[in-house]
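Structure record follows, encoded as structure tokens.
Chain lettering (A, B, C and D) follows the sequence in which the chains are written, and residue indices restart at 1 in each chain.
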Amino acid sequence: MLIARIRQILYFLHQGVKNLSVGGISAIIAVTSITCSLLLICLYFIISSHLTKAFDLEKDIRVVLYLKESVSKNRIEPLQQKLTNYEEILGIKYVSKEKALEKFHHILGEDAIILEGLNNNPLPASFEIELNHEAKEINRLKSVLHQWEVLPEVESVQGGVEWIEKLSGFIIALRISLCFLGGILIIISLFIIASTIHLTIDNRRDEISIMRLVGATDWYIKLPFLFEGVIEGILGGTLAIFLFWVFYEVLRWRITPCLQLIFNFSEINFLTMKQIFIVLLVGGVIGGGGSLLSFFLQSFQHR
Amino acid sequence: MQPLSAIVQMFHVYKTFDDNYRALIDINLRIEKGEFLFLVGPSGAGKTTLMRLLFREERASSGQIIVYGRNINKIKAGRIYQLRRKIGVVFQDFKIIPTKTVFDNVAYVLQVLGQPKSEIERKVYAALNRVGLEKRMDHYPKKLSGGEQQRVAIARAVVNDPVLLLADEPTGNLDADRAHEIMKLFNDINLHGTTVLMATHNIGLVGKMKKRAIYLREGKIAHC
Amino acid sequence: MQPLSAIVQMFHVYKTFDDNYRALIDINLRIEKGEFLFLVGPSGAGKTTLMRLLFREERASSGQIIVYGRNINKIKAGRIYQLRRKIGVVFQDFKIIPTKTVFDNVAYVLQVLGQPKSEIERKVYAALNRVGLEKRMDHYPKKLSGGEQQRVAIARAVVNDPVLLLADEPTGNLDADRAHEIMKLFNDINLHGTTVLMATHNIGLVGKMKKRAIYLREGKIAHC
Amino acid sequence: MLIARIRQILYFLHQGVKNLSVGGISAIIAVTSITCSLLLICLYFIISSHLTKAFDLEKDIRVVLYLKESVSKNRIEPLQQKLTNYEEILGIKYVSKEKALEKFHHILGEDAIILEGLNNNPLPASFEIELNHEAKEINRLKSVLHQWEVLPEVESVQGGVEWIEKLSGFIIALRISLCFLGGILIIISLFIIASTIHLTIDNRRDEISIMRLVGATDWYIKLPFLFEGVIEGILGGTLAIFLFWVFYEVLRWRITPCLQLIFNFSEINFLTMKQIFIVLLVGGVIGGGGSLLSFFLQSFQHR
């Protein structure tokens, strides 16, 4: 019984491969359609992961705590200790009044001449704080900043909230747009594949109706097509990944210099193993699913 | 319920097509188990339509059809294959699968039943031998002559010793000698227990065989 | 160059298929203008293959074929239609276009020639009438019986009074009466000047018609 | 003769429409494939025109001419006159020393306390110059700036070149990327359409070979398919534009707020009439071209 089952499945697989090789141009078209669709999905993956990276400006999230003029030097150390205990803090740096003036001098550049007329240093001492990823969550950031604002040593807290608010809004918008684009691409892909396989099977409608007439069950007819679809899908996926890799290798050297100019990362990474696996899986699923779908359409058309 | 000796019974069967063309009118018919029956009639009389009803390629517009003890109007779509596996059909237009070789076309009927490979090979060789096509086994149908294609259709219909054999004009593309051989083949099968219903225009053949014949004319049974 | 009275001449024609199957061997044949010639032979003898050579569906492997004064081996691919327009063919497997109605199938041969609509209608009606299908004009081929489809193929072949009519087993799906009518039709056409070459297994018909017959056997001409 | 020709062409058109309606699912698939492809092209058009707009920051191209301390007030007027003669100049504004200090005060904001200790005003007077479009061409800009630098009244020229150099590099990179993406999309589209039409025609190979056998010329067979393809293409184009318009109307209200945050334009415009025309034209051309292409393939396959 089990052996008979296995023999049957092997038979279906064999038929699937045979159909593929008999299918000729139809099979080639099905495979290349799937390849095109999956190429779009690869493109989506790579754009998606790098765009997120481009705007995920981890180290730029900084906050400055300006200290009151009255805070004496020996109270700096314990305050820094206290702040370091906050788990949201990734790094902290004390900037003394003198250091601040130096920096300001540097920032002004040519205009620094105006500082020549100064009698005393008007700039306050401060802590420059770098926040870790968790703090980017806007509400958490607000609450932490509020705690720091009411510290007796702190004059004012600068930066952070508005910028983060803007940025996270942008990232959300970007994510939504990308999901949207990805969704459209997947729908288009599915459509193309279902159409192609539909046409391919439509090409064989006589064959299928003959099989029915000589006593084949529906599943006996369907399974080889299903396997054929899955094999075509996986072939298409493999081809897509290969082509995308070629494409990637060719373009990498051209795009990289431009990138550094605009974004703050300088290298494009290829798809991860997980993404490659997903592409192959999606290929197999849409190949097989397309077969089933078009078989379903078929049965409506020719009953 | 019905006597076991009848393999096909048709009661007041009508078939009207979409365009209101009445192809079959009040057909009443009883075919005994083991019988060899001819269906004769001019072009367009309804012979093919009658056969199509028997393996549910078409459904009767009204009336009851009982095949091998089952009312075939009541068979569910998903179970029709059980009926078809008991019936061998030689289609008037052959209906050979163009993407399979001659061997695979004939073997398909047995593969569907899940028979072991060795047995399939034995049976297919035997069937092709009987119609004189053993040398053409690995050809694709497109490369065969009209008569050769017809013989593939015949081999497929008889390969599994069906309970009922429906042969629709099976010698239309065959020369007299070949036709005679095929009739001998059908006779053999009939002697081994298969009921045969054969539609033909070849009155000569009908005369020679000395079997019962039904005359169809404009959808009605004329003689019996 | 060749005498005007010959419409088809074949000199040492061979046809070998890809698989080295020799379908025609050293065929020499001369068909006179206005002749009615039968091509008889068992299934697989090469009748269809011989006809296919005459309208260049296939090319001869060697030898020369002259049709209507032209060496058809030398016709360029883009000019074959000129040959085909002079020849009416009844194909053994009908070759009716499934997406066109009966009327359109027959009319297509005339539309290709750019004939005016009124004339096309007149001719198509006449041809369908001759084969008894005038009532089936607007049907799609799938809905016709085997014999009806064959008659559509016949109507198409004769609709434009071809110079040469090739009929490949044109009565295989027709009852004796219909077959007789078709033979009368071919005879009529023949009397109006069309040369007819008809392949058949029906020795009875050949006998009745009292015309010249060529016997093909395993690709060779046996009698003449 | 002419009437016969016209009758023939009408016949072909009629056949084309008839094929379409008989074609059923195949025709629907062909049209929707073309629609998908053209949707991608619409998307390309809209992204392309808006991205260019987003980085085409016309009014941000400014140059500042700092004047020498020694230039007296009565030489300002003639100099301004002289500069205005340059056709590259769109607008010019004189900023006196007092005005410059005021502005600096404003820029520093809270930090302005440092200016309190100043004895004299160290800031120079300047001309703020807005350049017109032509000047953005990098070489032209360089030459103009050079001319100004050597004017006796001018201390130094600030801004412009590096920023423009960066920007134009970026825009070029962007344009190339977009052309590249567009090219890929069009190739994919063509492929999909050729495949679909190939399969559609392959579905009718028997029909076509019969037509050949009963004496039809190649063109007599081809033309109805050609017309069918063109009609399908234009239908697909119309559908694509309609769907894209729906898509546009639905998304406009969601995307607009995000846009303002990131780019300096706040409205997405729909395709221009010219672009709509191009989409329809491309539809017709790929529809007809696809037919011809697949017919060409066909003739190789079945000769």
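In this section, a residue touches a chain if its C-beta (ideal position, glycine included) is under 8 Å from a C-beta of that chain, and two chains touch if they have at least 3 such contacts.
Please read these numbers as outputs of a predicted model, since none were measured by experiment.
Shared contact partners of chain A and chain C, listed by label: B, D. Rounded to whole angstrom units, the spacing between the C-alpha centres of chain A and chain B is 61.
In this assembly, the C-alpha centroid of chain A lies 26 Å from the C-alpha centroid of chain D. Averaged C-alpha coordinates put the centre of chain B at 67 Å from the centre of chain D. Here the CA centre of chain B is 30 Å from the CA centre of chain C. Interchain contacts close the chains into one ring where each touches exactly two others, per the touch definition above. Under the contact rule defined at the top, the touching pairs of chains are A-B, A-D, B-C, C-D. Here chain A touches chain B in the complex through residues 4, 7-8, 11, 19, 22, 204, 206-207, 210-218, 220, 303, going by the rule given at the top. Across the complex, chain C meets chain B through its residues 17, 19, 41-44, 47-49, 92-93, 139, 143, 145-148, 150-151, 168-169, 172-179, 201, 203-204. Chain A contributes residues 25-26, 29, 32-33, 36, 39-40, 104, 111, 113-120, 122-123, 166, 169-170, 173, 177, 188, 191-192, 195-196, 198-200, 202-203, 255, 258, 261-262, 297, 301 to its touches with chain D in the complex. Of all the residues in chain B, the ones that touch chain A in their complex are 55, 57, 77-78, 81, 84-85, 89, 91, 95-99, 108-109, 111-114, 156.
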